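Chain naming follows the written order as A, B, C and D, and within any one chain the residues start at number 1.
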C-alpha cells in the first residue's frame, strides 16, 4: 500500500481479497502497510486489486519470507553504521574487538589497535549470554559506557549485543549496531523490540538454523519497520568436535541470492580455533562476504571468555594484510576509516 | 553454606579458599548460598573448610553444572504440579492438549476429552513463538484466562509457555507449570525470571543442544532458587527431513543418570508426524520417561499450528490404552487424576 | 513380467513403452523381470501394456525405490533365518553375541549363555572393518568355522558380516544371515554380490544415511533377486558425543510404513554405552521393532573391540526379562528356540 | 626400523618392547617396517630401544594415526600425478571434467576444453557408485579406455574412481590417480588394495566422517606402503537441504596442520548447486587448498549424473580466471600444463 493509504483503503483491499476467496494478511510496517495475499493459486485477478485506491504495487512473492526477499526488493540494501561506513556495498567492512568488554584499559587499548590495523567498527559484549550461570556475564551498563568512550577516541562504530527485550532501549542508546546473538535468533520478542529500535541490527544465524529460518528471523525485524539488517554466518553445529562450529561459507552466496540484505562472516565463532580464523577470514572474503567480525584481545590467554578463538593484535594485523589482496582479487576492497575520524566524536 | 550463614561467614569461606590458592565462586540461591571452589586439583584441605562457621557441607562436583547434578543431590526430585499430581516418582504423568489455545470452545472441549482419557495436565500455548512473523502468535492473556477456566472445569494442571522475561509474572499467575520452549532454552534472562517465579518449570531441550547445555540451562533455574524443574526431550535437528526432529530417547536414561530432576518426552514435536506419535510415546515410557507431553486437537486439519503432528482425540485415547501396559511392564503406572477432582477448583 | 516371459516378450514391452514416449528400464530379478516405466505423467495407456503377452501385472510406484516399497508388495516379508525362526512376524527375534569372534572358548561360551537366556541367533564378526589399520581385524575364516561350531552346539542361527565382494561366497557358506555393516551400506558391489548369495541379508543403516538411501541400498539386494532382507537401525551420527551414535527409533515405524521388509534395532552401536543398551532395547520393542541385535561378551573389559557397549551375560539375561513383558504389552512375544534344538545340527 | 633391518632384528625389537611390558605392533611398509609401541606411559626407556641393531629412529606419536601425521613426517608430501604436475607444492592444481564418462565425443570434447582453460588433470567416472540401482552406473572398462585416449590427446593426467577391490588393478592400469569416493572412505579392503596399487590415491572424506576418521582411512593407504595420497574435502551432511552437502572449508587448514599430505577441495559435490561452485572454489583457494576438483560438462542439463552441479565450460573458464588472482593474493599460482604437452602421450 502507499504510505499515505488510509485505514479505510487498507480495509477495502483486505475485503476485496477475501471476496475473491483468498486470505488477506496485513503486514504493517513503519513506512507502509503491506498486505499479504495467502493461497494465491495463480488465478488472482491482479487488475482488480491494482486499481483500488491506496495500492502502490503488486508484488508476487513465492517464499515464506517476504520483505527480506530479492523478489520484494532486488537492489542490495546498504546499511550505514553511523561513522560514514556502509555495509553491503563494494567495500568489505571489518568489525573487530574482544568477546567481552572487561575494563576501561582493555577496551580502549584494543579499540585503538584494531582501528589502526584497519577495522571500521568495534565489537565487544557488555551483556554476555553464557552457557553456565557461573561464567562472567559482562559488565552491563558500565560496559556500554566504555564502548561509547572507545568510539569517541577511535571513530569506530560500536556493535554490541542486546540479550532481552527490556534491554534493547539501553543498548540502542549506546550502540551503532545492535547485535542479536545466535542463541537469540528465534527470540521473537527481542527481535520485535530490536526491529523498533531505530538502530541497524546485526542478526547472527542460530546454531542449527536453516537458511529459511534465518531469513524468517530477519523478516521479524523488517516487519517491524527496520530495513537496516545485516545477517551473519557464524558456523553451525556439526558432528566433529575438533572445531567449535562448522563455518558454512556456502551460506553466504546462497543467502545473498535470496535476500537483498548484506551478509558478513564470523570466523572466530565459526571455527573456535585461533589459528584457523585468518584462513577462514580470507575464504569468507573470497566467497563474497560483505564484512567480517573478528574477536581480538590484547591478551587472549587471560580473556574472560572465548580466549581460545581470540586473535592477538599482531595476528589481526596480519589478517587484514592478507584479506586486502583477496578483496582486490574480486574487485572489492577493505573499508578504511577516514584518517580524520577519531576524537571527532559520534553523537 | 547453612541457610543461616551470615555474609561475614560467607566472606570468610571465600577468603579461605583464595588463601588456599583456589578460585571461590559464591552461588547465592533462595535457600542458601553455595560456594563453588574452582580449580580443585584433589589436594584441597577439606577439614580446614568444613570447620569454618556457617559451612553446612562439602560437596565434590566434577561437572560444569552443580546443583542439577546427582553428585549434588542423589535422590530423585519430585515436582508437584499443583493438582495432587507429582512428576518424577513411580507414576508416569501425561500432559496433553492443543499446540495453541484457539478459543473457549476448543480448549474446554479438548481439556475434558484428554482428562477423561487419562491426562493429568493440560498443555496449550497462549503465547506462541512462531518461525514466521505472519503466523498465528497465540491469544495472549485471553488464552491464559481460558486455560484457567479449563482447569476449573477439569482439575487438570495447566502447563503453558512464557516467551519473554517481562511475561513470566503474568504466566505464573495462571499456570501451574511454566514452559520454556526449545527456542528459548538458552534465553538466560527468561530462565532467570522463571527461576524466581515460584512455579515449577518445564524446560525443553533446544533444537541442537547437547546434554551438558541442557543441564546448564536447568542450572540457571536452580541457581535462582527454583528446584522444581522438569526436563523435556523433544527431538533434535537431524539431516533427514522425513521427520520434523529426531527424538533422542537415549537422552532420557542418560539425563536421568546425571541429574536428580525428572525427564519427560514430547513425541509430538519429536516426530512431527501424527502416526508416529503413539509408537514413540510407547517407546518413551519403555525407556523410563517420567511423563509425556502430547499434542491433541479436536480437529487437527483445522489447527492454527502444528496440525500435522496433533492427534485426534480418539488417537489419544488409544495412546493412553497402549502406554498403560508398557508402564506396568516396567513396574510403573500412568498417573490418574482422582475422580473427585474437577469442578473443585484450584486456587 | 510373468516368470515365463520370453526375451522377445520383454523386448516388445520395452519397445511399446518407448513408442509411447516414456523410458523403459528392465529390472531383471531372479524370479521375473520387472520393467520400470520412467517419466509416467499419469497419462500412460495402461490397457495397451496390460494386454501384451507375458505381462503379469501393472504396478504404480511413486518412490525412487521400487521392489522394497509397500506399493510393490503390501504384505510383510517374513525372513526365515534357517533354524525355524522367522523375522518379520509376530515374534520379536533377539540376535546376540560378541562384537568379534575372539577364540573357540569365548564364542562357544557366550553362544550357550545367550541361547539359554533367550536369543535365537548368534552375532559375531570374523571379518571386522576397523577405523584404524592397527586394530584387531578379526580371525577371518577361522572365525567362520568357530561360528559354525557354535551353531552346531546351540541351534542358534549365525549372523556375521561380509566386508568385500570377493568374501561373500565364503561367508555365505558358513552364515545363516550375511550382515552388511553400516560403513558398507552404500558399497554397491558388495550389495550386488550379497543379493546373489542365496542367503538372507541383514542390512545396517549407514552412519548418516537417510531413510530413502537405506531403502535404495536394500533395493540393490532385491533387484538382484534376493527378497530376504532385514533392515537394521543402529544409530546415526549426531552432534553430542556423549553417546557413540543417536539411535533413531522413529525410523522403525517410519521404515515399516514404507517397506514390507522387517526392521530390527541395534541398541549396542546405537548408544555405545553399556548401561543404556537395556532401556533402549525396551524402547525398540515398544516402538515395534521386529528384532534386536545385542552385543554380549563373557568379559567386556577384555573384549578386543566394542567393550564399552557390550553387556555382561547377566545384563543380557535381565534385558530379555525386561523386554518380554514389553513385547506382551503390544501383543507380541519374544521368539524362543524350541527346546529340542541344540546339538541337532543345522546343515 | 632401518630399511635394511632383518626379520631377526625386527623380532628382537618386538621382544624387547614386550619384555618392557608394552605392546609391540609391527607396521610393515614398502620401504621399511615401523614398530608401534602401544601403551606408552611416558616411562619407556628409549635408550634401550634406540641401541638395538636395525633401529633407525624413535618417533613419539600421540595420535591414533601414525604415518600420516606431521609428527611422523614434518615436511609436506608432494604427489606427482604423472604429467609433470605435482600436488602439494606452491602451485594449486585444478582437476576438472564430467561426473561420468558418457561417450567418446563427450570426454574428448570436455578434456580439450578444460585443458585449454587451465586444468592439469581430467576427472571422469568409468565406474559410478549410484544411490539407486536403476541409475546409470558408468561405461566400465570402455570408459577407462576413453579416458586414456583423452590423456593422449590433451596431456591431462587421469583421475578416476575404483569402486571395489577386484577392480583396482584395472583402474590402476589406466589412471594416473585412483579416486576413492566418499561412500568408500571406510571400505577397508578397497583402501588396502589401492594402497598396494603403485598409483597415487585421491581419498575423499566420507559424508559424515570426522577428521580423525579421514586420517585413519589415509593411514590404511600409507600402512600398505603408498605414501602418494591426496585428501579431498567434499562436503559433509548437514540439516539444511538447500545445498547437497556442507563444504567444510575449515577442514582444509585443520587437516594440513595434522598431516603432511596435500588436501584439495571439491566444491561441486560440496555445494551441489552450479552457481555456488565458483565462489566456493575461490574460497577454497583462499583458505589454502592444494587443488580443486570441479565437475564440468559440455551440456549439463543432459548429463547422465550430477547435472545440477556441473559447470558449463564457459563457467569453468571464468572460475579459472577468478581463482588465479586469489592464488596470487596468497603467494601461490594455478598450475599450468606445459604448452608442449598434448599429443606427446603418457605411457
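In this text, contacts are C-beta pairs under 8 Å (C-beta built on N, C-alpha and C of every residue); 3 or more make two chains touch, one makes a residue touch a chain.
Because the structure is a prediction, the values reported are computed rather than measured.
Enquirer: Going by the stated contact rule, which chains contact subunit A and subunit B alike?
Expert: C, D
Enquirer: In terms of CA centroid distance, which chain is the most far removed from subunit D?
Expert: B
Enquirer: With contacts counted as defined, which of the two, A-C or B-C, has more C-beta pairs across the interface?
Expert: Between the chain pairs A-C and B-C, B-C carries more contacts.
Enquirer: Can you give the whole-Å distance between the Cα centres of subunit A and subunit C?
Expert: 49
Enquirer: Using mean CA coordinates as chain centres, what's the gap between subunit B and subunit C in Å?
Expert: So the centre of subunit B lies 38 Å away from the centre of subunit C.
Enquirer: Identify all positions of subunit A at which a residue touches two or more other chains, and write them in rising order.
Expert: 208, 237-239
Enquirer: Please give the residue numbers of subunit D that touch subunit C in the complex, ascending.
Expert: It is residues 25, 27, 36, 64-66, 129-134, 163-167, 183-184, 186-190, 206-208, 213, 216, 219-220, 223, 237 of subunit D that touch subunit C.
Enquirer: Show which residues of subunit A lie in contact with subunit D when the two form their complex.
Expert: The touching residues are 208, 210-212, 236, 238-240, 242-243, 246-250, 252-254, 257, 270-271, 273, 275-276, 279-280, 282-288, 322, 325-326, 328-330.
Enquirer: For a test of understanding, state which residues of subunit A touch subunit C in their complex under the given definition.
Expert: These residues of subunit A touch subunit C: 237-239, 241.
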